[in-house]
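Multiple structures follow.
You will see chain A twice below: alongside chain B first, and alongside chain C after that.
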Partner chain A sequence: MYSYRTILGVLIYILCGHSVHAIEQVYLEPEIFIAQSFDDPPEQKILWLTKEVKVAIKAIIGHDYPGLRIRYWQQGGRTAWILEEIGKVKPITTGFVLEGDEMCAMRVLIYRESHGWEVRYPFFTDQFTGLRLDASNRLNKPIDGISGATLSVNALTRLSKLALYLHRKTQAQ
Partner chain B sequence: MNWQLPRKRTILAWHRWLGIVSALFLLSLAITGLALNHTELLKLDRIPIQHPFILERYGMADTGTVQAYHIHASDILVHLDGQLFYNDRALASASQPLGIIEGESISVVATATKLIYLSPQGDCIEIIDNHQLPYRTLTAVGTTLDQRPLLISPQGNWTPEDGYWVEFDAYNGSYEVATLEAIAPNDSAVQTWLNNFQGSGVSLYRVLLDLHSGRLFGWGGRTVMDLTAVAIILLISSGISAWLRPSPRNHQSGSS
Partner chain C sequence: MKRPSIITVWTVCGLIWMPLLCFAQAASNELPSAAEMWRIIQMQQQQIEALTALVQANQTEVSSTRAELAAAQTEVARAQAEASTAIAELKATQQQVEATTLAVEAFGENHFSMPGWFERTSIGGYGELHANFNSGADNEIDFHRFVLFFNHEFNDWITLFSELELEHSVAGDDQNGEIELEQAFIRMDWSAHFNTDAGVFLMPVGILNETHEPNTFYGVERNNIEKYILPSTWWEAGLKGSYRTANGFAFDTVISSGLDLDGGDGYIRSARQKVSQATNDEAALAARVKYSGIAGLEIAASVFYQDDLDQTGDADYSGLLSTAHIDYSAGGFRIRALYARWDLSGDITADAEEQYGYYIEPSYRWNLSEYYGDLGVYARFSDYEYYKKGLQENKVYEIGLNYWPTNNVVFKLDYQDTNDADQYEDIDSVINLGVGYQF
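Presenting the complex of A and B:
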């Protein structure tokens, strides 16, 4: 018969053997996302974040976007962006395709949180198609949430506003 | 088939043992649940926890060694437990640097899976991970024969197309590997970096939430909390069963 010490030891091993870190899930490689977003290979460009742009970004997403430049891919009036935003504790890597003044597609590329991965499904991402930003940087339609994934939904909604704003900046240049 | 409840003594024995085994976890569930229900009143999100055990559970313990390198002549790049610092400022989560390539307008810190672009003042310009690079894992940094920076990987060798490091060209020629020399920082500098690394710790709210769900101990903790929930159901069932089952003593006294 196992002694209580053995049982206690096994229990402590099970409890302490794993930390609270989430696993990175790659749903779509960014390079494949870019290749799928354009008919021909796009040109890779960079948008430098000037003081004015940084202020606008902070107003849109509620905090500074890390770095001084953001790269994007362009072919004619169509652009693609790979942006990151933290849902709860880990960044969600998301791809956006934009043309004209509206969003053509949104895809969750890499998800690192332990909860809220439902945001990758088309029933959620399809809502972003046709999304536009008005002059006050507000979306033209609301995004329906998902129970248990509120922080991820909010993060992706913020990112979609940012992508629309950045696209507008590149079209104005 | 005529199904009968077990004897009351048996039910109570099971009830007792189940209660004893699950008591600790039930207590934890009840106390943390009560506290979480009153987070704002108790200001749980404003109470930082810096105990080494808790920090270790969240991957914030100072278990790694500090490695420091000179950058931009007088500045220092520090790597500690998956975190890079520029002097005493947190820069990015990254593995140990394999090379530092200093340029006129952009300097690049190359790790196995990331390129971190820095301004001459040490501000982060951009962080590119291996999902957006032409290789999966960088093994070393070097220079070509005409002194251009070179990224060496099992998937091939690459040089930046220009000083902006936006696109990369494949390189098949000869090259020299540049090794990164670490420096020995003093104790007070190491302590400053450790304090920066751990920040103000983890909030009590976060710890209680993860303790309540069992996530503080990974899948093992979650499983124990699941079993505790099952134990509650069994305790209720066995309690009701014992109450429904008349004791033999009452039965005997009733029949005499």
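Presenting the complex of A and C:
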């Protein structure tokens, strides 16, 4: 029984040594992400999910995207999007910045799964910089996964294709 | 002064009057006649009348043009008024559309005005059907696992994670199956880097013990090292702390309930109490360090220690489990390798003191097409020894393939050469078929 007391005491010491204040799983506030993505305040716009767009979205992510429209932010040829997709059981809120025909940055803003925390760190998200879509809506390079976070990685890969498609759609308008 | 002569006068007069008479004569020769004058006058009259008519016509045309211009100006004014009205109506319509859209979106988010708890509860699950064609024994088909996850977010930093499983289709007395609570823990996210789990959770050992949905690994059956050595799926009740760093390191520490291993049996897998009225005289400790700071790479090592593995028996022996693994993927290529060993020390059968195993598994996955999904092939070599009423020495060679028509569904086919594996007894080889899913 001595082991219980000693071990519990050590654990309590460790727990108390940390900053014990509740911080959400919000790694980056969406508003701050948008502000950081542009030099000047961007113009907020709306992309309506018309029938044509819905069909294309479903082909990309495998299901309908919820809502009647998607908000995005634009300054010149640069756009930013905040999109969500379910990883294992909960949605992952992700921000994308695109310019020209490629992705400039990807950030996981809110993560709600029990595993797969690695997806929010630069050693994983840096892979998304420079992503492009070919004519068949396929990515120009593979995304290396994370063991134990396969579903989250797959969800972020789908979202990146969606962001590239939506960006291309707005540039064509 | 001398008076001019008459001749001179007459000469002068003549000189004067002669040109005048000549001029008059010339003039009387150019004048038109009265008739010509009348004709000229008539012509001029006609010209005047024509000009007058032309002027009148122009005046009429100008009047008409002015009238048309006035009418056009009136029309323009009317059109401008209509355009202004249309613009106003368009703006009003846009506002109505915006309001309607906001209402529809809010309606959808509120899930038809369901209570808030529903919004914070999620359901997931996985399942797998196995068919085993044994060379040297009866074939078997079995819905091995039907699993449901129920998660609930109490607030932004406290979440319930739970996992309920039905094994082998039918549970109950004299049935092959079981209904088990594999996970039920409260996670508290104290910071972006640190969280605690309190309740029933999966032990942080190996590769498959925490992540074992069928679409995440090759082979119909889970590899035998993690099944018989670790022993997966292994869960305990207790408290776990997890700390992560931005450069990819993660540290987990656990204090939990322990195994209860009957010394005579020595079969680690049977020592799992599954937190079912479990004996809790001896706490167990576990720790893991993991590195995943390079995309596609995971390296981890873990230890588990229990001072007395035989909690309910008279024997007294400790158990130390050590594991290490690497999981690396680049593009379609992947390789997994894992080593695990038990060191039991004390009052235990000598053959059971060391139980260990390792496997190595290269694989490659192709994307057939966006529509048809992925196909993967693998090979695995497993070498392991465990104790179950005697030492079981095994070498298993296997190859197989997985087909993912979509990422969350998998079809599996593999061949196992079990000729050199004690645990399979008379079974020389096995062909396995399987289908699995996750949602």
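We take it that the second predicted complex is superposed on the first by the 149 of 173 C-alpha atoms of A that agree within 3 Å, B and C clash if a C-alpha of one lies under 4 Å from a C-alpha of the other, contacts with A are read in each partner's own complex, and residues count from 1 in each chain.
In the analysis below, a contact is a pair of C-beta atoms (placed from the backbone, for glycine too) under 8 Å apart; a residue touches a chain by one contact, two chains touch by 3 or more.
Treat the numbers as computed from the prediction; the structure is a model and nothing was measured.
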{"item": "Partner chain in contact with A:114 - chain B first, chain C second, else both or neither", "value": "both"}
{"item": "Contacts of A:93 with chain B and chain C, given as first, second, both or neither", "value": "first"}
{"item": "Touching partner for A:29 - first (chain B), second (chain C), both, neither", "value": "first"}
{"item": "First, second, both or neither for A:51, with chain B first and chain C second", "value": "neither"}
{"item": "Contacts of A:82 with chain B and chain C, given as first, second, both or neither", "value": "first"}
{"item": "Per-residue touch tally on chain A - higher for chain B or for chain C", "value": "C"}
{"item": "Which of chain B and chain C A:68 touches, first, second, both or neither", "value": "both"}
{"item": "On chain A, the residue positions that both chain B and chain C contact, one per complex", "value": "11, 14-15, 18-21, 26, 66-69, 114"}
{"item": "Sites on chain A touched by chain B in the complex", "value": "11, 14-21, 26, 29-31, 44-46, 66-71, 82, 93, 109-110, 114"}
{"item": "Touching residues on chain B, where the partner in the complex is chain A", "value": "56-59, 117, 119, 123-128, 131-132, 164, 166-167, 210, 215-221, 223-224"}
{"item": "Residues of chain A that touch chain C when the two form their complex", "value": "3-4, 7-8, 11, 14-15, 18-27, 59, 62, 66-69, 88-90, 112, 114-115, 117-118, 121-124, 126-127, 136-138, 142-148, 150-151, 154"}
{"item": "Of all residues in chain C, those that touch chain A in their complex", "value": "101, 104-105, 108, 122-124, 149, 151, 153, 156-157, 159, 161, 187, 189-192, 194, 196, 207, 210-211, 215-216, 239, 241, 244, 246-248, 250, 253, 255, 282-283, 285, 292-296, 298, 307, 327, 329-332, 370, 406-408, 438"}
